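Presented sequentially are two complexes of chain A, the first with chain B as partner and the second with chain C.
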Partner chain A sequence: METDTRSIDREALAQLFLQWQSGGKRIVAPKRINGKTDFARVASLDEVSLDRVQTVQSPKSAVFPRVEELFSFLSRDGKVEIRERDLAALPGTVLFGLRPCDAAAFASLAAIFTWDSPDSLFSARLANTVVVGVSCPRADEYCFCTSVGGGPGAVTGSDILLTETGSGVFLAEIVSEKGRQAVHGADGLFGPAAGMDKEGHLAKVEAAFAKERIGPALASLFDDAAFWEEQSRRCLGCGACAYVCPTCACFDIQDEGGASGKRLRCWDSCGFGLFTLHTSGHNPRPLQSQRWRQRLMHKFAYMPERQRVLGCVGCGRCSRACPVDMNILEHVRAIAEAKP
Partner chain B sequence: MSPADPFKPMLMKIEQVTEEAPDVKTLRLLFADEREGRDFAFRTGQFGEYSVFGEGECTFCIASPPTRPGYIECTFRKAGRVTSALAGLEPGETIGFRGPYGNVFPIEDWQKKNLLFIAGGIALPPMRSVIWNVLDLRGRYKEITIVYGARTVADLVYKRELAEWAQRPDVKLVTTVDPGGETPDWKGEIGFVPAVLDKIAPASRDTIAVVCGPPVMIKFTFPVLARLGFAPENIFTTLENRMKCGVGKCGRCNVGRHFVCKDGPVFTLAQLQEMPQEY
Partner chain C sequence: MEALRSKARELLAGKTVQVVIGYGPGSGGGARAVFIREAAQADILVFDGTCQQNLAVYLMKPEVRKLGKAALVATPPALRTILQLAAENQLTDAALLVLAVSPSGNEVVPLATFAALEAHVAALDHGLGAADKAELETYAALSLERRRQFWEEQFSRCLKCYACRAACPLCYCTRCTVECNQPQWIPVPAHDLGNLEWNVMRAMHLAGRCVDCGDCSRACPVGIPLHLLNRKLIGAVFADFDFRSGMAAKADNAMSTFKPNDPEDFIR
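Our next item is the complex of A and B:
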């Protein structure tokens, strides 16, 4: 649909929150909790904290929970009964206050989960989620959205994108049909957007590398063991980067609760040595340098080739979270600039 | 299986448990839901995710041939949590199965050719499916040779079927055990599979070779096949990377940009030569 551009002030936005809630939707937004800003359920707009560049965790758990029940089972007298999830019972959610990088990440996640076969739980959660992005007025040294096809005011992935234009007034771009549905019946809360400027209220993020260089550079660097050893020398294999990443979606499947229990899908990481370990003891990626290479190849070479989408949105969370200060921007820039 | 629910397994009733070798068992599985059983179709080379409820899932090929519908079989070695639980199950008990997944051995393309099967140890199961498949369609293929080795005589799996193949005039079976693995009455070869292959030197002309075995066996078998004149595109193998989802999502079975679960498990040597050594 064509983007419908309006304005909304803070007071009206608070009203819109109430309207969403009375319509049965829960609102999940950045919230200050124990000195950190993270996505959590909020009761009102007053609880929303938009003053940080980024939350610590990404919002991916809204569509891909850290631990998710796939189904449960009941074993009795040698017989097993499987109880499927009731997809209709999944909560309707307004995911509010995502930065445009996080909103763009939903396209990467959708590509991973549905590129070749359906994924009912993921798709049901995504269909039940209205993404309300908020443009970035500030960036930090870890941000690089503009190097990977995004931008501080990019609408991709948002159903509605808000840009604060000062004095508590937001420019509201209603981008998708889902966004239009979410403001249906709330016309009175919006004003016209005539004469409002968006660009002047966005952070400046300079492009740091040419993304079209990355795929070919990675292909020629694949067998350069010394390069990957140098790149990954500090890596502890802790997996923090994958856990905070908005697009990392590698998972494990585990049972819990004994013979009458649940089958769970859980976050996992290609950075862990156990990830690919065979029962025999053989490991196709025994070295941390090979696992680091896999992480970069997957995001910047394999996903563009197989799923036609980059596996990185430039949010910079992995760099902020890394306990040994590995900065993905520096690593990717080194790849882009490597002599073939 | 509803395609919208890719992780929900079908329920399978264990009909028969066969002890193949120390810690190696074959389960014959019947579909608990008759309609699911009627609708189930697979082709040789494909695999599935087998689950013991409460313990988890593990990945094995379907070891029975599609020419024998109504049931599937899997053969596994008791090694980890799920296989240990599977090994403790009795006929009548219920497990989960989802599949079939992955690509297939292109046996239609192999018609009117000689077939050479080379297997080591617990890697005979993926080959057993394709061997029975072509034996059930015997008239379509020319000479069929099977070279199978294990560490010891006790470790040879499918002993009853090896005896049956040995009896058949239309199959040439060569069995071998590693030096020191023989028993006093052992009548087969003694030596590693690549060396035995080198000795019997099967002709490569109009012949497809299928190789399944531990990585070290495969590593030393490929050069022997090359010396015998087999072209890389006429040598097939299966990769056995660790998997969880089986459907190209969980991220762990990839070899470079290839998903073993989607693009494999069957690959030709020509394909492997273009792929990174991540298997």
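Our next item is the complex of A and C:
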């Protein structure tokens, strides 16, 4: 649909929150918790914190929770009964205040979860989620959205994108049919957008590398063990980068409860040594340098090849969360600049 | 800083060590671990208040061990970590040269033997600072019920990314309890029970071993104050067994050593 551009002020936005809540939707937005900003359910606009460049975690748990019951099973008299999840019971969600990079990440997640056979839980959650992005007025040294096809005011992935153009006044771009539905019946809360310009209110993020260069560079570096060891020596092999990443989609399956119980899908990370360990004891990626290589290959080579979408949106979360300062922008630059 | 750089240059040029593990400039005005293998690279070494990571964690990494004999730039907790690793038979004397650096970074004391390390560590102050002491006292003053609520709330945010484990130099098991599934001791999912069992198990495995470097809390992406658990246990071990970890290269493990004159009679 054609973008519908309007204006909305903070007071009207607070009213819109009430309308969404009375329509049965939960609102998940950035909130200050324990001195950090993270996505959590909020009761009102007042609880929303938009003054940080980024949240610690990505909003992916709205569509891909860190632990999700896939189905339950009941073993009785030699028969096993499977109880599927009731997709209609999944919560309707307004994901509010995420940055354009996070909004863009849903395309990467969807590409994985609907690649061969669509994942019904993921798809149902995504269909039930309205994405209300807020453009970035500021960026930091870890941001690189413009190098991977995004931008601080990019609308891709958002159903509605807000840009604060003055104190408490937002330009509202209603981008999708889902966005239009979300503001249905709320025309009175919006004003005209005549004369409003968002460009002057966006962070400046310089392009740091040419993304077309990364795939071929990775292909020629694949066997260069010394390069990967040099790049990854301080990496400790934890899962912080993968777990805060808005596009990392690897998971592990766990059964709980014995003969009757639940099958659970849990986040997993290619950075863990156990990730590829075979039952035989053989591990095709025994070294941390190989696991680090896999992380970059998957995002910048395999996903563009197979899913036609990059596995990185340049949000910089992994760099900020890394306990040992593995700054992904530096590593991707080193790959782009490596002599083949 | 120059003292550190010239020492590193000397050690590498003279082939006394093959690698100097220290701090170099990192992102956001901070410092990060660097592995210097040539004298000419020693100029990137820095030492200031942002150099907090306990670099002894790298002594247990095969990727670093294979580089050869190392000199390690060590803060006070790293010094104690090395002695604790020695006490647990993970490091041998002479396999390592420790570079103890004064807080200003202007003075470097090379410690080539565990005996020298012990003497150096014995002279340091191991008490908590005023702010740390107040934080622990506030926490310890909570009722049992309030403490349970506190940890339930904290652990509800645990992602099970295991950054605490990875950052901890004393969590060096090649196969962690949480990765054993025959039987499954600790639930893998990051749900309430899984998170409680994981974090309590880790704290208990570090009781009498943790040297209070604080890297678990610093590593946690969601800001869980794990150091409070460790500090509480450090206090308990000291009170019950008069034992402080990381002070000697030969020491019994406080939690797995039985003495016939143990005042508790439940074990007899």
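Operating definition for what follows: the second predicted complex is superposed on the first by the 340 of 340 C-alpha atoms of A that agree within 3 Å, B and C clash if a C-alpha of one lies under 4 Å from a C-alpha of the other, contacts with A are read in each partner's own complex, and residues count from 1 in each chain.
Please note the rule applied: a contact is a pair of C-beta atoms (placed from the backbone, for glycine too) under 8 Å apart; a residue touches a chain by one contact, two chains touch by 3 or more.
On a predicted model such as this, the values are computed, not experimentally measured, just so you know.
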Overlay on chain A: chain C relative to chain B, clash or fit: fit
Touched partner set for A:C270, first chain B, second chain C, both or neither: first
Which of chain B and chain C A:D51 touches, first, second, both or neither: neither
Once both complexes are placed on the shared chain, angle at chain A toward chain B and chain C, C-alpha, multiple of 10 degrees: 80
Which superposed partner A:Q288 touches (first chain B, second chain C, both, neither): second
Which superposed partner A:Y142 touches (first chain B, second chain C, both, neither): second
Contacts of A:H298 with chain B and chain C, given as first, second, both or neither: first
Which superposed partner A:D252 touches (first chain B, second chain C, both, neither): both
Contacts of A:D224 with chain B and chain C, given as first, second, both or neither: neither
Shortest span in Å between Cα atoms of chain B and of chain C, once chain A is used as the common reference: 6
Those residues of chain A which chain B touches in one complex and chain C touches in the other: 252, 254
Parts of chain A lying in touch with chain C, wherever the complex brings them together: 33-36, 38, 56-57, 66-67, 140-142, 229, 232-234, 236-240, 242-244, 252, 254, 256, 264, 266-267, 269, 272, 274, 287-289, 319, 321, 323-325, 327, 330
Chain B residues within the chain A interface of the complex: 3-9, 11, 51, 53-57, 79-80, 83, 92-94, 96, 214-215, 240-242, 244-245, 247-252, 254-257, 259, 262, 276, 278-279
Residues of chain C touching chain A in the complex: 26-28, 30, 32-35, 53, 57-58, 61-64, 154, 157, 159-163, 165-167, 179, 187-191, 194, 215, 218-219, 221-223
For the chain A and chain B complex, residues of the former touching the latter: 70-71, 73, 75, 78-80, 82, 84, 112-113, 115-120, 222-223, 249-255, 257-261, 263, 265, 268, 270, 275-280, 282, 284-285, 290, 294, 297-298, 301-302, 305-306
